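Next up: the structures, one after another.
The two complexes that follow have chain A in common; it is paired with chain B in the first and with chain C in the second.
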Partner chain A sequence: MFDPYYLQQLAIGLSLGMTYALMAIGFTLIFGVLNVVNFAHGEVYTLGAFAGLVLISATAPPIVAVILGALAIGALAGFSLERLAFKPFRRFTDEASLKSRAMRESTLLSSLAVSIVVREALEIVFGSQMRSVPFEYLINTPVRVGPVILVTGDFIIFGVAAAMLIGLQFLLTRTRVGLAIRAVSNNPLGAKYVGIDTDRTIITTFVVGSMMGAAAGILMGLYYGAVFPAMGFTPGIKAFVAMVMGGLSSIPGAVICALILGISESMATTFVSSGWSDMVAYGFLILTLIFFPNGLFGARRERV
Partner chain B sequence: MNAFETMAPADGLTRRRGLLVPALILLLVFAALPALLAGFDKGYFYQIANLALIFVLLSASMHLVTGVAGLLHLGHAAFYGVGAYTAALLTSKLGLGFTVTLPLSGLVAALVAFLVALPTMRLVSIYFAVATLAIGQMLYLVMLNWVDFTKGPNGIIVSKGFELFGFSLSGRLGAYYTVAAVVTLSVVAIGRLSHSYYGNALRSIREDDQCADAMGVSTVRLKMEAFTLSAFFAGIAGSLWAHMTGYISPGDFKFSESILILAMVVVGGLGSLPGAIIGALLLILLPEGLRALGDFRNIMVGLVMFLSILLLPKGLLGEVSALRLVRRQLGAAWRNTGKGEGIGWR
Partner chain C sequence: MTFRLLTLTTLTAAGIATGIATGIAGSAFAADTVKLGYQLPLTGDTAQYGQDFRKAAEIALTEFNAAGKPFKVEIVFEDSRSDAKEGTNIARKFVDDKEIVGVLGDFTSGVSMAAAQVYKDAGMPQLSQTASHPDYTKVSKYQFRNIATQAQEGPYNAKWMATKGFKNVAVIAEQTDWGQSVVSGFSDAVKANGGTVAFSEFFNRGLKDYRSLISKIERAKPDAIYTGFFYEDGAQFLKQLQQLGIKTPVYSTSAAYSPKLIELAGGAAEGVHLTSNFLPTDPSPNVQHFVDEWKKRSEGAVPGQFPAQAYDAVRIMLAAVEKASPNPTREKVRDALAQTKDFPGVTGKTSFSADREAEKELVKVEVKGGAFIPVAD
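== the complex of A and B ==
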């Protein structure tokens, strides 16, 4: 069992899981405040990666600047996404229409439509082929730790993700903005009554969530060295799975489930070909929905 | 005297009008269009016409589960794929013809749908959507990765075209007539299902499933039936696609196709069968008409979907007006037979 190969797969799985976790947090935050699923989240990931790529080919800045640039684009994407695809469908703010199925489904479909437009626009601008990241920016210099050979990317991803998680935790529990976000996700109408600007809070949530998604995108782009318009789809679905497994509204649950997903996926590639490894995520999702409909870490829900 | 009688009086005028519009539609599909197609005599136009008809069937079958029963289905293309692969494998491995593969494709797709529906149909709202997404992706992965059986990304060549009990119908016009006949029959069947007491029971699930349950409607069973039936018709569409193009690969059945079908139903109007048909025609013919725009035509699909959700939340032909249209013009009004049967399950 102590074959170093498994330890190595574990490390790869952890980095993979960390990027899923960053994505899943975006999903969870947005689901928390609006009770809707943002299907354009995968495109935010892609936009982050492309922003980094454009920055690299334009000015060749240090890697920290690349990540910061991707974060800025992510924030912008989150802001405009909320304005375009979600705000117009929040014309009515009474409780009945906030909970109505029609509202939820129209925002789901509008975010889907926006994601199609963004992906196709990226394909027109950059072409649908994979574009490779310049060699000197790749974060895969091997590092030897005991019996295991890791790459620098594993450390960078782990470090950036951990920093962002801690930052998020600080934001949510120690600042007024975080308090507002938690209040809105707890009870939107109640938050409005006590004087919280719900509209601004929702935008803040989108900006924070999308920054995390964009960070995941650029990190994975540098890790694998390939950036293409359809790259956001698979991580988007995985993060979605992690969110559902974690119980839809629980951030720690989503992070833990994202790590479980990442690790089990990279472990699965040792037994089956990589094409089948996606099956793991979907299998987990179906099993969770059937046997733990509240999610593994979620609070009790009335109906599933 | 029940309420439905006053809504649509079953007098001679309505009955005669009820025959006019279907007759016109049949005339258009089976006489005017083929005449036009034969006039142009370009293979490309036949392809577009067949493709549009197949997507009309897909959109109509999704209308049954997403529009009428209100279950957001994100994996419909996978069942379309199951039907297409059934037809292709039966043809290439066993040498069976279209007459046999058509019903078998539908049945196999329905069987797969029934099996996956057994554990998942108890879920509601977003959980159901997520489950269908996962099921669709799993089926897609099987098509893509089970190389020994499905030949994986290489796809399968379907050597046989359309035929009917040995008569070859593989010419351009023959193929068009076969597709048109199968699609028309299926759409009529779906129309009868969704404009009946059965369809109303499905609508009651959509409006409030807890209330429907309390009123004695067996919601889980009805959901499973709607899901399985819609997969059956998707499988039929898959078989048509396989025999029409002569080559299928997993790329035809991926997530984006499910979304395209969903967009058709949404653009047309959730819960409206004529709307679903119009949506399918629009989203297939518009990109072809916009071929001059080149790469921008895929963006158009997204834009049309976005704008129609934003500006026409009820769709091009909303459910209420669609129901009125179907009852008045297509002769689908409920008529009291006068034998004291009353309202009930048929």
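== the complex of A and C ==
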């Protein structure tokens, strides 16, 4: 009964889920917690991976420096993204505009535009070929744990994702910055009236969230050994599904749902053709939207 | 009565005049430039292939135009994004442009077949460098291809694996029109040779994690795995196969034949067997000329099989246009293409059969010491 095959599939699913979670954390911070519609997170992820790759090919630094470099680019990307695609929509500070849903959701298109421009620009500069990461940097040396085989990267990603999750939970629930983020998310106008610098809070959130996105990008690049301009798309979709399932505003919820997603996909491969395993993610998204419009772990919110 | 007569004469005169004018303009133009269309993915997920095709086409075109022929050729490149909808739109655009006498592309079988419906109705010759789905050339007498089909490659590989003693094989391929032709072409031949297909499954192109699929394949305990993938998916698959410590031999189609496969997969690509019809190491002068030109334009990178096929496809099309000139028409170009015989290309000699299939010679290749090495068996 206890077939090692299923244990191996479970391990693969967990490791897959961790990679989704890594992406979902930063995404949920900006999209869910701050409640800003942002579809450019996948490109921040790609930029992080490219920044790391460029650094590796230029100077061959230690891996920690590579990640720090990617973090710096991520911070810059987050700041620029906010400046380009989000700030212009906040230039009207009257009450009607601040409460307007149209104003808020128009960033759906502006962020999408930025993401397309970034992706095409990367294609022009680097070409659309997959680029290989030098083998000594890869984090996929096999590790045998009992009957299952994992790779070193699985443990690194687990550590990083756990650190991000705990750090963010601390930030959001125990610090004034976190309080400000939640206040702005809940009621931007009210936050402004009580003296919170909403602009600065939003920029901070973008910078932190994008640093996490970029870190996810470079880690995935090192994990799979391939970096290319379109790499952010699929993880972006999976992160989006995990976030919606988790109830938009809950980062732990998104992480748990990312793990559920990963395990379900790898388990589903056993029973249906691998070509259909993406159906699992979309199926979950639809089921969640129908039966749990507030997500599995979400607080009550007017919109999902 | 006089008025009607006058009108009639005027109209006739005007008609003749216009006819002459367009006739002159037409022939004058044809003497200078002939236009061809090339639909290919220049952006999107498969842009890397389209970009390579354009590069190969430009090499062929520059050579042709520099050779002092009585006319010049211009190629109009249109980006199909490997999207069937986009592909048909481009096809309509090419068909409407009366100066275009022939079309190259598209990249994938699916898009090529969608566009083929438009070319079929308009009588436009279409030559794809890569569409290898068996149904593509069956659309109409206007569809040609410069690639071995899976109906040819599948049985070839099945026989190769059978001679190596692999009786019980697994087969996986990407979930596309092409991937399905890989599985069917191969599986039928395996069964005909008395072997068994232990496992057969499709995956989505661009899947990153093959470990679930690999575990599932291994559960079926095949002697060898036959794979229908391109180099990106291939590299991930091979790396993860190595990670999971699996030593089952892997065979693949010519679609995976690209130096990028070895670059991305590194040591994990060792021992992979595949077929090809282009070897950049071939010492013959035309191959070396193409490889040199390619390296000049690609920072020293060596071309894979697909750019070589595109280069040949463009040259076959140019030769057909030359044969159909002066004043080539779509119909004349089609007939000239159909007569192509023993065209000396970099992917071997190409002739079109009565079904407009390219008859290609396949070479067996194994990855050894980080390079593709031709092997006897």
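Here is the rule we go by: the second predicted complex is superposed on the first by the 282 of 304 C-alpha atoms of A that agree within 3 Å, B and C clash if a C-alpha of one lies under 4 Å from a C-alpha of the other, contacts with A are read in each partner's own complex, and residues count from 1 in each chain.
To be clear about the criterion, contacts are C-beta pairs under 8 Å (C-beta built on N, C-alpha and C of every residue); 3 or more make two chains touch, one makes a residue touch a chain.
Everything quoted here is computed from the prediction, not taken from an experiment.
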Given the alignment on chain A, is it a clash or a fit between chain B and chain C? clash
Is A:D278 touching anything from chain B or chain C once the two structures are fitted on A? First, second, both or neither. both
Have a look at where A:S110 lands relative to chain B and chain C in the superposition and call it first, second, both or neither. first
Kindly classify A:F170 by the partners it touches after superposition: chain B alone (first), chain C alone (second), both, or neither? neither
Under the stated touch criterion, which partner chain does A:E120 make contact with: chain B (first), chain C (second), both, or neither? both
After superposition on the shared chain, which partner residues are touched by A:M130: those of chain B (first), chain C (second), both, or neither? second
Between chain B (first) and chain C (second), which, if any, makes contact with A:E265: first, second, both or neither? second
After superposing on chain A, which stretch of chain C overlaps chain B: 7-15, 115-123, 259-267 or 313-321? 115-123
Those residues of chain A which chain B touches in one complex and chain C touches in the other: 120, 123, 273, 275, 278
Can you name the residues of chain A that touch chain B in the complex? 37, 85, 88, 101-102, 104-106, 108-110, 112-117, 120-121, 123-124, 233, 237, 240-241, 244, 273, 275-276, 278-279, 282-283, 285-286, 289-290, 293, 303-304
In the complex of these two chains, what residues of chain B are touching chain A? 70, 72, 119-120, 123-127, 129-131, 133-135, 137-138, 141, 144-145, 255-256, 259, 262-263, 266, 295-296, 298-299, 301-303, 305-306, 309-310, 313
Name, in rising order, each residue of chain A that touches chain C in their complex. 5, 8-9, 12-13, 15-16, 19, 120, 123, 127-130, 132, 135, 140, 142, 149, 151, 224-226, 228, 230, 234, 265-266, 269-270, 273-275, 277-278
What residues of chain C sit close enough to touch chain A in their complex? 43-45, 47-48, 51, 172, 175, 201-204, 206-209, 211-213, 215-216, 219, 232, 235-236, 239, 243-245, 260, 263-264, 266-267
